[in-house]
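Labels for the chains are A, B, C and D, by order of writing; each one numbers its residues from 1.
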Amino acid sequence: MGRRKSRFLRKPVEPFVVEAGLSADAVLERMERISFQGRNLATARRIWEKMLASDATIFLGTAGALSAGGMRLLIAHLIERRYVDCLVSTGANLYHDLHETRGRRHFIGSPTLDDAALAAERIDRVYDTLASEDEFCKNDEWIAAFVLKLERRPYTTREFLYKLGEQLWTDTGNNGILTAAYRAKVPIFCPAIADSSIGMGLSQARHRDQTAGMADVIGDIIESANIVIRKPSTATIVLGGGTPKNFINQASVQAEFYDDRVGGHKYAIQIVTDVPHFGGASGSSLEEAQSWGKLSIESEKVTVHSDVTLALPLLLSALESTSHDLAPRRKRPEFDPSGRILVMNGQPLADGKFQEA
Amino acid sequence: MGRRKSRFLRKPVEPFVVEAGLSADAVLERMERISFQGRNLATARRIWEKMLASDATIFLGTAGALSAGGMRLLIAHLIERRYVDCLVSTGANLYHDLHETRGRRHFIGSPTLDDAALAAERIDRVYDTLASEDEFCKNDEWIAAFVLKLERRPYTTREFLYKLGEQLWTDTGNNGILTAAYRAKVPIFCPAIADSSIGMGLSQARHRDQTAGMADVIGDIIESANIVIRKPSTATIVLGGGTPKNFINQASVQAEFYDDRVGGHKYAIQIVTDVPHFGGASGSSLEEAQSWGKLSIESEKVTVHSDVTLALPLLLSALESTSHDLAPRRKRPEFDPSGRILVMNGQPLADGKFQEA
Amino acid sequence: MGRRKSRFLRKPVEPFVVEAGLSADAVLERMERISFQGRNLATARRIWEKMLASDATIFLGTAGALSAGGMRLLIAHLIERRYVDCLVSTGANLYHDLHETRGRRHFIGSPTLDDAALAAERIDRVYDTLASEDEFCKNDEWIAAFVLKLERRPYTTREFLYKLGEQLWTDTGNNGILTAAYRAKVPIFCPAIADSSIGMGLSQARHRDQTAGMADVIGDIIESANIVIRKPSTATIVLGGGTPKNFINQASVQAEFYDDRVGGHKYAIQIVTDVPHFGGASGSSLEEAQSWGKLSIESEKVTVHSDVTLALPLLLSALESTSHDLAPRRKRPEFDPSGRILVMNGQPLADGKFQEA
Amino acid sequence: MGRRKSRFLRKPVEPFVVEAGLSADAVLERMERISFQGRNLATARRIWEKMLASDATIFLGTAGALSAGGMRLLIAHLIERRYVDCLVSTGANLYHDLHETRGRRHFIGSPTLDDAALAAERIDRVYDTLASEDEFCKNDEWIAAFVLKLERRPYTTREFLYKLGEQLWTDTGNNGILTAAYRAKVPIFCPAIADSSIGMGLSQARHRDQTAGMADVIGDIIESANIVIRKPSTATIVLGGGTPKNFINQASVQAEFYDDRVGGHKYAIQIVTDVPHFGGASGSSLEEAQSWGKLSIESEKVTVHSDVTLALPLLLSALESTSHDLAPRRKRPEFDPSGRILVMNGQPLADGKFQEA
């Protein structure tokens, strides 16, 4: 025809071709040239690889019933192999992790079970997954007993969760999120700890001793921002939205308040089922985050609209194939989360104040 | 034919008939006999009326960008007229309320605005709604200054938010969620305060004085459970899911641990956009909540799958028409949230411990 | 500060203020200044008013279980009062309308009923709504008997549905979608008639007489495009997405192929629960539709993400208050859908061909 | 404790363990013991294997922009290797398949492109995917020219699409959905053909010759039911919902009307993003389908709530690994879809009537 091809029509969609024996890596590679959320998942792998190749401090946020749903060893793996540097989690994910690390289990059920029958047997349902309420009560007591062993002073959730992981590791030697973070010295923040069974365990310790169980969640805000100020090259990976998503962004916004070099996360991946058009934070777009300075205008970013249980196994199996050796060797921050003051790259972060430039 | 009509086919759907001049009350009344989420919204009104006619302590949970989105005076109204007895909120809803109570505004925008242009002008976007980041920074500073005026000791969010509401009312005399709760002596809990700009304000006070800004969120767990133990007849209304939804349920579960008379909430309404099948708490069904004992097996309950901004104006306009006089006169708890220990019906709740039977 | 206010921050959000006795009209008016889907619903009313004030031919598309769910008299009202000029519907909505126009009912049920028990009693469930399968079978037979009375030749669904409405009106004198359209001479297209119980009725007529039951759905494409060509000022209102949404857009695209004056719909409202990011047509954005020329680049448009049963009663109650007298008097096309060739404004559309300029 | 373990708590969730080099088969196998939609996808593979091991006639329904989105060769593969026996599709999926089989392409774009700029260049956007409108117009003309070569009589979509696939194969020798179905003699039904560009091509043929382009979609209803009556052991796999989902169910319901041996599909898989609680057919639950008799009460079934582009590549890569040899050798129906009357297992189905027992 002689007409020049439009600048918009440069890169064709390549229909996915199936073969027996394809690796997860190959499946996800072929998905890079399809459309919609399949392509977005494949893009997420490539952006994660770029994070690993950069010098960015990588935050991981985990919300939703990931641990109950069979994702806890994937998250432990990300921590252990240092695909990520800092975890921000809901309390529930840490609690259900502790449950299994302590040798208890979640069970396969169905969403159509009779909840009155379950209640009669003291079984708690999470959609299609079940657990024993009596075992949960014993976890709470175990946590309370642990809390009562601690020195009586406020603890950031970061310090508290490190010690909890240490105790769990000592007691069980089992792998899990909390124990992997303890061993890899990856800090965990749990800003909404009061809305979880870990919080309930803390409150039961308080019940027995009114000087126990003080969580310093405001200290967490300062520490998380100081991580960004200390090294203003950061990345965010969000699984499920919720408080972790915003807390990770807040760390950057708060850091920028005290240090102009901070300019938002440089890379962002979110895997969420929520949508932007109802205005809530869980579903908010990564573009919207740029207006706030949570993400840099130049950031590389992708949203995958999917259930994490469906997306994560394929994503991490493929990522592991290309990055198994790279991840532990990358340029990354080293933390010591064991004390009252978080230590980053050998130096303590400022004590109770934002690190000023 | 001679066949008896099935027991299932008793109550016909009545097609909605439109007329000019219908009141909100009449619209919602006609929706009781349609189907799907329209019927559910109409049912929510009737269940709320039953709550009001009962002796239940009514918890309200608010998550999502309700205050930024124009819902804050509806929530203030629910508090002021005592349609509810206790608020559990995300920090964001309280913060955006404070922003407007202090005379600042949110603005009408569009989801297709250029976020780089917004960032350049320091304008923050919440889907189709905008605000000035500079004004937000001033709010943070105002909060920090207020915090620095407080005695140096830990505060439950309940006590802190009461005092914040008091200060706001003194400064502005303006209506809003925080000021209405202050005046009506309705306690507010904010379990995830660390994941919000109110938490950022607290952290900025800490920055200036390391002895300031200690939020005792574990104390909140105890107090909220004690409200249930003191009077084990409770109801839950959840707007948007999130941490408030679970915190209200946790109060009941934790209370039951210490007092066998507690048997889950007796009434439940939730207006959520999230769905059950991804396993997260925001979308979890009220049936699932029964397996945990969060709701009584006999509870009256309804889920409305809708954006709150679409559902709430109609729901409350209709409810106001039938319950304007009833709500303030109903059998309800009276609180004094002004001190370190929450007072309920003239008696202090247990200090730092769960109220035991 | 002396700083000029940003051009983005011009129009503040006005928090919704509730009062007893508010009319639906007042509720929706107050929702114009809130955010998210509540604002979008309020905007939809204003765009509909603009459609009515213009000379546009207004297409209405209806998908989802609207008739079973109690919306059929709202749609009949829109037709009768000429808020719309042409209906495009799924077969199911017309079939469930016919069911009730023939004096049968749908019934209020629950989504948690035992489907095996329902099947045993031959009761069909649509989420929380029930109907008798035996009554459905009788409808199918009634339709088949009607079809066998027709002259043996192909019928566009437009002609067929007109005659079906006529028969229903003669038999019952009852109001409904089909009978209102018959009486108001509003054409109805049903492009996916083969995927519905009306199609099943046609097929049962064919079973008895192999020369009966020929639906000419390709003729429908031509006729619907000719409506646009005859007067290239059009508007689209979509409830629920599905085949009607695309068919209305296709009419404009196909019309433009034959007549350059056609430039896409000038106004567009869609109330859908589906979302854009999975790539399907039901959830596709109105912006995307502009790339195809389905909508004019200058069109006024709004998407409301909501269940229709929740949004439509309020929307139409408010619209009726402002437009009750206006709608029937507006500048609108007049159709005669009774014959083989559709007549528009007194002149037959081209016979079996696209109307060329 | 001595307490017996609850019957509900038998099968523990097994946390997913990642390894480098995992095959798609192994990834999906490990997902069988996790929760939520990840588990459902893994279950879908096992149910599909049971379909293949049974004697069931397997219907596949395809809706949503699957072909534009890179899924067309997966569907072609399912047809060619006889993982399925009969396809029911939206017109769009067949049209976008034809576009690529004819050597044209879809292109990788973004959902944030400027639609006015795209419209100016005559580029059509499907969320993040683009195509040339001029090339689409040429497809329409190609279809119209093909239609004009056909004998002037009504064609079921099944017969028409077979001949279209034949012509495409003759012209191009390229693989795709239509050409694979032609070569494998797998019938395709397109009940909503009038709502698609294939329908537009038919209408353009009619425009040139008023005796051309007659699609007999009512005949499709009879043929699809006769397939079920001839062998009342059937299975349904639905990708995306829409008209194909209901049409496949309708075939079973209509068949049962004429033959009591028919008792609903024996196996069912659906991968949909839509949800049940708005009442529409796309999102309706498989349990609800049982109330109608669309599925047998004893059927094995699973719903996967996911975008097809994300779920299908993994599902089919895993299925291929276990079933590559099995699928083509299974007990399956053989069709001859080339003539006016569909031939099944060597015998013509009844001509224009339902096959009676």
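Everything that follows uses one rule, which is that a contact is a pair of C-beta atoms (placed from the backbone, for glycine too) under 8 Å apart; a residue touches a chain by one contact, two chains touch by 3 or more.
Note that the coordinates shown come from a computational prediction; the quantities given were computed from them, not determined experimentally.
Q: Figure out the least number of contact steps between chain A and chain C, where 1 means they touch directly.
A: Each step joins two touching chains, and the minimum needed here is 1.
Q: Go through A-D and B-D and name the pair with more C-beta contacts between its chains.
A: Of A-D and B-D, it is A-D that has more C-beta pairs in contact.
Q: Please name the chain that ends up farthest from chain D once chain centres are defined by their CA atoms averaged.
A: Taking each chain's C-alpha mean as its centre, the farthest from chain D is B.
Q: So what's the Cα centroid distance for chain A and chain B, whole Å?
A: Distance between chain centres: 27 Å.
Q: Quick check: how many Å separate the C-alpha centres of chain A and chain D?
A: 37
Q: Suppose each chain is reduced to the average of its Cα coordinates; what separation in Å results between chain B and chain D?
A: 45
Q: Hunt down the residues of chain D that sit against at least two other chains at once, touch-wise.
A: Answer for chain D, listing residues that touch two or more other chains: 35-37, 65, 68-69, 113, 118, 123, 126-129, 275, 277-279, 287, 305, 307-309.
Q: Where on chain D does chain B make contact in their complex?
A: Its residues touching chain B are 35-37, 275, 277-279, 305.
Q: Under the stated contact criterion, what part of chain B meets chain A in this complex?
A: Checking each residue of chain B against chain A gives 63-65, 68-69, 92, 111, 113, 115-116, 118-119, 123-129, 133, 137, 140, 154, 191-196, 199-200, 202-204, 206-207, 210, 213-222, 225, 240, 242-243, 246-247, 250, 253-254, 257, 273-282, 284, 287-288, 290-293, 297, 307-309, 351-354.
Q: Looking at the complex, which residues from chain D come into contact with chain A?
A: Touching chain A from chain D are residues 6, 8-25, 27, 30-31, 33-39, 41, 65, 68-74, 77, 100, 105-109, 112-113, 118, 121, 123, 126-132, 287, 304-314, 316-317, 320-321, 324.
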